[in-house]
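Chains here go by letter, A, B, C, D, E and F, matching the order in which they are written, and residues are numbered from 1 within each.
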Amino acid sequence: MEFSNLLSIAGGTLGSPVVLFFLLGFLAALARVDLSLPQPIAKTVALYLMLAIGFKGGVGMADSGVGPASIAPLLIGVAFSAAFPILGFAALRAASGLGRTDAAAVAAHYGSISIVTFLTAIQVLTDRGEQAEGILVAVAAAMEAPAIIVGLWLASRGRSETGAAAGPAPEEARLSVREAVLNSSVVVLLGALAIGWITGEKGMTDIKPFVVDPFKGVLCLFLLDMGAVAGRGLAQNRRAIGTGTVLFGLYMPLVGAALMALAVWPIDLSPAGKALLMVLAASASYIAVPAAMRLALPKANPVIYTTLSLGITFPFNVIVGIPLYIAIADRLFAGGSQ
Amino acid sequence: MRSAMETHPKVRLDILIEQLAVPRLGTLLDTLPGVNGYTILPVQGGSGLNGIWTRDGQIAGAEGMMMIWCILDAQHKEAVLKSVFEFVNARAGLITVSNVDVVRPERF
Amino acid sequence: MEFSNLLSIAGGTLGSPVVLFFLLGFLAALARVDLSLPQPIAKTVALYLMLAIGFKGGVGMADSGVGPASIAPLLIGVAFSAAFPILGFAALRAASGLGRTDAAAVAAHYGSISIVTFLTAIQVLTDRGEQAEGILVAVAAAMEAPAIIVGLWLASRGRSETGAAAGPAPEEARLSVREAVLNSSVVVLLGALAIGWITGEKGMTDIKPFVVDPFKGVLCLFLLDMGAVAGRGLAQNRRAIGTGTVLFGLYMPLVGAALMALAVWPIDLSPAGKALLMVLAASASYIAVPAAMRLALPKANPVIYTTLSLGITFPFNVIVGIPLYIAIADRLFAGGSQ
Amino acid sequence: MEFSNLLSIAGGTLGSPVVLFFLLGFLAALARVDLSLPQPIAKTVALYLMLAIGFKGGVGMADSGVGPASIAPLLIGVAFSAAFPILGFAALRAASGLGRTDAAAVAAHYGSISIVTFLTAIQVLTDRGEQAEGILVAVAAAMEAPAIIVGLWLASRGRSETGAAAGPAPEEARLSVREAVLNSSVVVLLGALAIGWITGEKGMTDIKPFVVDPFKGVLCLFLLDMGAVAGRGLAQNRRAIGTGTVLFGLYMPLVGAALMALAVWPIDLSPAGKALLMVLAASASYIAVPAAMRLALPKANPVIYTTLSLGITFPFNVIVGIPLYIAIADRLFAGGSQ
Amino acid sequence: MRSAMETHPKVRLDILIEQLAVPRLGTLLDTLPGVNGYTILPVQGGSGLNGIWTRDGQIAGAEGMMMIWCILDAQHKEAVLKSVFEFVNARAGLITVSNVDVVRPERF
Amino acid sequence: MRSAMETHPKVRLDILIEQLAVPRLGTLLDTLPGVNGYTILPVQGGSGLNGIWTRDGQIAGAEGMMMIWCILDAQHKEAVLKSVFEFVNARAGLITVSNVDVVRPERF
């Protein structure tokens, strides 16, 4: 029954237009047909999704109140984001043959989170009739920066060892962290969260036809684009990254989700919320962290971290990971309450 | 009668740089003596030692470059080039220098 | 009564916001006011319309099933697309004074189809409460490529005659046909058709507020842009093309629609479906074929084929043709069944 | 009670997602986080809002008919737009220390109108359940050009005085006025008004899910952008404009609204319509007039007029002005009829 | 044997101009003898005596510049430059002149 | 003391080409010895023997050009120019060649 449950979730996920449009863009890219959106559109669709998800989260918080129980997921998220890069760095250094700077850059991506994966998981949960706490949006936002700071610290430890400056100059590091914390996605996400919280159900009535009704359709269009970009990167660069690194992109999400499952076990949170935290743990950033690494670690090879997080882990999570994490959360956390 | 269109030699810099670094390069240029302005042109894509890239479909600014076009007087060339090269050399980017003529020399 | 029926359809069409926005863009352009959209938007709106019409077609196919009866319109469409350029080529060579290469390029446009004209006709039919079979979307997609292949063949026949290479190099021709068959519009159209077919009514419920509800409004915005581009082209280039060529752009749609009316007479298809096939036959491409001709026949003059298909035939079809073809289809095919 | 009414409107305005998103963009810009949209999107969203507001206005005119009573607001609007720049010019010359050309350019902005401020006010009124006459859209459009003509005349009077050409060459002036009268925003606004008028309620049913339902949400996105641009301009240029000029940007809207309140007192128009005319009077252009001044008065400093109208008056109106003018209109014009 | 790739000297103009004025500059260029074509490149932003500007977020065309790229024969340089400078000098803009080589001289 | 900013002469190609043909030109450039990279700049519009065009409103890529910017060493100029000219000459397009200086000669 558990296995059939997983299958049914996976089937539901694979049968969802959202995932099918992702596959369309991805497979077309592998066949060298580029379905990506023009950049101004891609950026704006992303901004729209931030705005919508933030606003909905804020209205959710206004509805149900934000109690002290919300502190626990926030703390767990931040702690995970800070600690997971250390594990990832060790694994990459041991098994993937990456240099210090590249390993630090990649590890930062996996400690941080992918908001698109998060959105996709929310949609899958919504399709199943499950809804998570609004605070999860704030948790997602809070999980972006710690991993960047730790990643830069990991890179900079090489400085003293080797003499040469493997890590970033302090000024660069400071600016990059500011960039990551204050990048426009995060600000829109948190700003919309605040606005949703302030305006509550009344605000929601006002702009529901914009932020709720077309949301899933817009997500389809966006995942068409993301699939196209992920597939293009994979097609162009698969030979540029070694097998050990590719494997990292497949097992690391599982490790992250498993650790997070343990961490959230005792806390007071809906099964959907716990599933989303597992998704956040499993996902790898491709907005904030690549930008921060580009700035602070210009000598890290962007081909490696971009291809890995966007070309490997993102498709893996969309197709395999999300149904799996939800099924596990269902089994572990919903079992008792049913 | 001398031609009304007398032109004066100046130096043109073309700087290709990651777009994320453009604000900082701009701040640098604004402080350099001899730089009275610069112009930023969008870049659509390219190919180099690190492979091919394109702007299409990107949601983040992480990938993507811009071209900076800057006209200056020859007397500042050496110093400006030194500062800019230091900045660009630490990251992905290119600089070329060439000679141009302008009509209003006092602008630069 | 037939005439009044035509008038009422024409009145309905001209009174529709979709056509009025087209006229707004078109007339403004003739008065040198440019209402065109920025290119990233124009491209994305086009993509959205492909996605929406494909998806709806696919759901329609899931609803009603795809029987062997669907084969007939597909075959007729492909045969028409391959044969009609030969007729067009002969007419252009005889009456418009175009050289071989230009005549071949133009003829390919008229054998192929205009998806925007198709969309407009679907909207007019929908406004009348009529709905065609979902398979028509696949027919439209299938009618793009044959005309290109035949057009390139017509151009290349000049090679041996003259010694100089009038036609494309074989490699160029191959790549251009690939481009036409696999251009992103067609892939999104067919991909969305497949996704609609797979997800069926359930998928439709999910993304209806994105693909159905705002569709007509988005079409208005798009036709504002198309009108602007068509009018601009006409204003700039009307002196560049001869009267014989202009007339071709007006009579050829009528010939195409008439031939198609004969071809679909015996087959098992709704009157709306037959009307749409007439519209496809009457319309001239301005997405796939211009691109293919640019690549494979760089020496053909793009001003001629673009101005003709977009500046003359497209407005003619939107304003005069569509109501006419629907009225004829109504008279010929619906009469018996009523 | 009046004061509490103002407070309640102001509270309603400040609690509206529309204004909160504006503040988000504005405050983020002051904190050097740029939330502006890519330009193709910003332009298209603006076009969409013109199209939607024009169309709704036209349908409103079809519904309620356009009687001779509509002439009065049109005439008042045009007269205001022509006369107010003279007052503004005198004030700027006397109290702000601007030169003739700069003063003329700024004054033209304040005689003309801001369509975004107008949209925001319509939304605030709609949220209160009030609706103005459709003709107001035409009034707004008609108020753009007169101020430009008068502004250019004010600038050109300097020519004879000083010998040097302070004002525009006549050909430049003619072209700039044409540009202002026929700029694409105005044409779309008036074109959509006409289309709404022609198609009436039937047309509205067709495209309501595009022009009505998501309108408020899109307006949020747009004001996020406008806030970002306004805040950026203010942050960059606040030192470039003197205190006298800044004060002008704060008192001039109040003067304009007060004068308009007197002008509309006797005429036959809904209180909402009168409030909107006050908003038009109080608002300063930042689409048509900056473009016209750039072309016709290239020696006027764009930093002054742009920063003033967009960075000072626009936020002032959105946050303070609109609730104030509505409260006053409420008190003056609705009191009697209630 | 002479090289197939013989090149011929021409003059390159780079004109930075407000985008609102581009249609008029285009009309001017179209009428100037010796100008057989020109190409318009978008500009993303810049910095100058009047401060910093960027295209992002702008709804109106009021701010924003374009770059015009125009290749012409040296014999027309003087006359073209004179007309264009007169136009550009009345508003915000820059012109640079430089030397390039082309393969097909008869185009220009 | 020699200046730290010693520069080295290189060749700059500016290639204007239909955007549909850019992928093929890119493939060609990638195979040419001496070409270590190139950069693609968007073009907004232009005017030439075939009239005026603009990118605005276009849904298809059929109209529209791109500018390719390519820096190379003088020793490869002749051969690269020959191949590129052959490609460009078969379609609408222009090539100009000019001299620039760079700081890091080994990149090119």
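Quick note on the criterion: a residue touches a chain if its C-beta (ideal position, glycine included) is under 8 Å from a C-beta of that chain, and two chains touch if they have at least 3 such contacts.
Labels paired with UniProt names: A, C, D = Sodium-dependent bicarbonate transport family permease; B, E, F = Nitrogen regulatory protein P-II.
From a predicted model like this one, the values you see are computed outputs, not experimental measurements.
K.L.:
Identify the chains in contact with chain A as well as chain E, in label order.
P.N.:
B, D
K.L.:
Touching chain C and chain D alike: which chains?
P.N.:
A
K.L.:
Roughly how big is the turn, in degrees to the nearest 5, that lines up chain A with chain D by CA atoms?
P.N.:
120
K.L.:
Taking each chain's centre as the mean position of its Cα atoms, how many Å separate chain B from chain D?
P.N.:
Each chain reduced to its C-alpha mean, chain B and chain D end up 38 Å apart.
K.L.:
In whole angstrom, how far does the Cα centroid of chain B sit from the Cα centroid of chain C?
P.N.:
Computed value for the inter-centroid distance: 46 Å.
K.L.:
If a residue has to touch 2 or more other chains to count, which residues of chain C qualify?
P.N.:
Counting only residues that touch two or more other chains, chain C contributes 34, 37-41, 43, 209, 213-214.
K.L.:
Where in chain E do residues touch two or more of the other chains?
P.N.:
In chain E, 41-42, 52, 98 touch at least two other chains.
K.L.:
Quick one: which chain pairs are touching?
P.N.:
By the stated definition, chains touch in these pairs: A-B, A-C, A-D, B-E, B-F, C-D, C-F, D-E, E-F.
K.L.:
Could you list, by residue number, the parts of chain E that touch chain F in their complex?
P.N.:
Against chain F, chain E makes touches at 3-5, 7, 10, 12, 26, 29-30, 36-42, 66, 69, 71, 98-104, 107.
K.L.:
Residue numbers of chain C touching chain A in their complex, please.
P.N.:
Listed in rising order, the residues of chain C that touch chain A are 38-41, 43-44, 47-48, 51, 55, 182-184, 187-188, 191-192, 194-195, 198-199, 203, 206-207, 209-211, 213-214.
K.L.:
What part of chain C is in contact with chain D in the complex they form?
P.N.:
Listed in rising order, the residues are 15-17, 20-21, 24, 28, 31, 33-35, 37-41, 127, 209, 213-214, 216-218, 220-221, 224.
K.L.:
Quick check on the complex: what are the chain D residues that touch chain E?
P.N.:
That would be residues 34, 36-39, 42-43, 45-46, 175, 179, 225-226, 228-229, 232, 236-237, 240, 286-288, 290-291, 293-295, 298, 301-303, 306 of chain D.
K.L.:
Inside the complex, what are the residues of chain B that reach chain F?
P.N.:
Those residues of chain B that touch chain F are 14, 16, 41-49, 52, 54, 65, 67, 78, 81-82, 85, 89, 94-98.
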